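Got some structures for you, see below.
In the two assemblies presented below, chain A is common to both, partnered first by chain B and then by chain C.
Then we have the complex of A and B:
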């Protein structure tokens, strides 16, 4: 099991959707910190994402990071392996799970 | 001091009610009407005293419980007021950003969304302590409507250089905000039902 703390390992000010939109985008986060854990199809360890400590998240960031990951590797595997922690904003967990579930694959 | 005064008043009322009850008990028996004012049977004294004490305790317990329940609902209502204020300031920041998108306003929008998210988390944590009305259902409706309002505002083109919101995107944001407010008001009304 590994833990990714967004505020500590990525940024306290996550940006928008694409890298072209500016720094710390959802696309950048997905490519830098998430995708490496999904490249090996045999990996099944749990990944805990700590969402606390940032200034907040735009929908575009969350959808591109997690919805994008589900589009690329399949929502079933993503929902199974990702765990979210947020004591500050518990609605973020519903939001992200919703984006992954909305993916058609 | 105030508490002692209150107790004395309650005690005086109890004694008054006891004497009144005993006299009524005497006067209701025609063969005992001639007796003097303070001539009571011991059984009458016990019966009326017990009735009064039980009555006072029951009403005290009920009023305490009712005021406690009302206070809980009031606290919940205050929390909903906070959510409403946070949502209104998010709407104001969002409206400004849609009209003139810039990085400073973008940060303000994200911060205002986080403020709403934080108070919603508090609302959620009250689920276990507040079992009145159908709060779990209304609270879920508020959260889900908030996520939709947030998406209408901060999904693309949010954060894009030179972002411009189409008329339908603007309308969607205003509509979602209105629906979110509706849910908050529904919840407020439900608390005092």
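Then we have the complex of A and C:
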């Protein structure tokens, strides 16, 4: 199992959806910190994402990071392997799960 | 263009300029009709290429939204009409005078003097094109400090709101970027520091133009019917599928901001875009007689 703390390993000020939108986008986060764990289809270790410690999250960041991951690698494997921790804004967990479940694949 | 029926305009023949009185209530959120008539008047006289002198002496009430929109109008006139012959005076009211000075308003409109804001109780206008999380963080920290809520995590929704606004400016779910897109942002506490007023303005084509419309709406708009602008804004806020891009996962930003308003995480949210004006707290809306160029979001942090 590994843990990714967004505030510590990426940014306390996450941006929007695409890299073209500005720094610390959901796309950038997915490419830099998430995708490497999904490249090997045989990997099945759990990944815990710590959401606390940032200023907050735009929907576009979350959707592109996690919905985008599900579009690329399949929602089943993403839902199975990702765990989320948020004490500051617990509703984010359902929101992110919803984005992954909405993916059609 | 025929100048609109705005009272008090005087032509100073020897100086080749029009003197236009600025509304006493210099606020779009509380005085939208008069304010839009005022801006329309500026546009009309700017076409004549004579000077324009703004008489601000009688302003007795000022709000952040009007400061931002005036800056954007000046910016547009300079870039589209190459019109820069503006002048003006200061408000007699000391508080209003200070707000304008400390907001950096005069620097943005390229007044013939420079002023470095030095009042920590007034956040000067921020401007940009891309999403800038650090700016959003700075604005929120200002709001928290003003209300004595440092360390308060309840502002997370406000951070998200600011980021959604910034991204909607140039590359939002409804259409591609405009070449000269820009956003402006400002925060200002009440005199008694019970709430902080926020305004975010972009100079895009406006929500009613850029959202997906059904056949009937397209036909109505084609014939210049703008009586549905507030309804288009409202339905976008309510999450009706209006993104023009075929990806259904886009276009969640405005509905999310609306949900923050409904859950009282941000207060008194108002949206003005083109001919539409929506008060989100009570879902009241109206159609504006004169056009507002771009999209303004105004809210309060209590």
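In this text, the second predicted complex is superposed on the first by the 105 of 105 C-alpha atoms of A that agree within 3 Å, B and C clash if a C-alpha of one lies under 4 Å from a C-alpha of the other, contacts with A are read in each partner's own complex, and residues count from 1 in each chain.
Basically, a residue touches a chain if its C-beta (ideal position, glycine included) is under 8 Å from a C-beta of that chain, and two chains touch if they have at least 3 such contacts.
Quick caveat: nothing in here was measured; it's all calculated off a predicted structure.
J.: Which term applies to chain B and chain C once both are placed on chain A by superposition, clash or fit?
T.: Aligned on chain A, chain C clashes with chain B.
J.: Which partner chains sit in contact with A:90 here, chain B, chain C, both or neither? Use first/second/both/neither.
T.: first
J.: Could you look at A:60 and tell me whether it touches chain B, chain C, both or neither (first, second, both, neither)?
T.: Touch status of A:60: both partners.
J.: Applying the document's definition of touch, where does A:17 land relative to chain B and chain C: first, second, both, or neither?
T.: So A:17 meets both chain B and chain C here.
J.: With the two structures laid over each other on chain A, which partner does A:98 touch: chain B (first), chain C (second), both, or neither?
T.: first
J.: After superposition on chain A, which segment of chain C among 6-14, 60-68, 168-176 or 186-194 overlaps with chain B?
T.: That would be 168-176, the only stretch with clashing C-alpha atoms.
J.: Report, in rising order, the residues of chain A that make contact with chain B in one complex and with chain C in the other.
T.: 13, 15-18, 20-22, 25, 55-61, 63, 88-89
J.: Going by the contact rule at the top, pick out the chain C residues touching chain A in the complex.
T.: Touching chain A from chain C are residues 130-134, 136-137, 140, 153, 155-160, 163-164, 166-167, 170-171, 248-250, 252-253, 256.
J.: So in the complex, the part of chain B that touches chain A is made up of which residues?
T.: Residues in contact with chain A: 103, 106-107, 109-111, 113-114, 117-118, 120-121, 124, 143-144, 146-147, 150-151, 153-156, 158-161.
J.: Taking the touch rule as given, give the residues of chain A at its contact with chain C in the complex, in rising order.
T.: Of all residues in chain A, those touching chain C are 11-18, 20-25, 55-61, 63, 67, 88-89, 99, 102-103.
J.: Residues of chain A touching chain B in their complex?
T.: The touching residues are 13, 15-18, 20-22, 25, 55-61, 63, 86-92, 94-95, 98.
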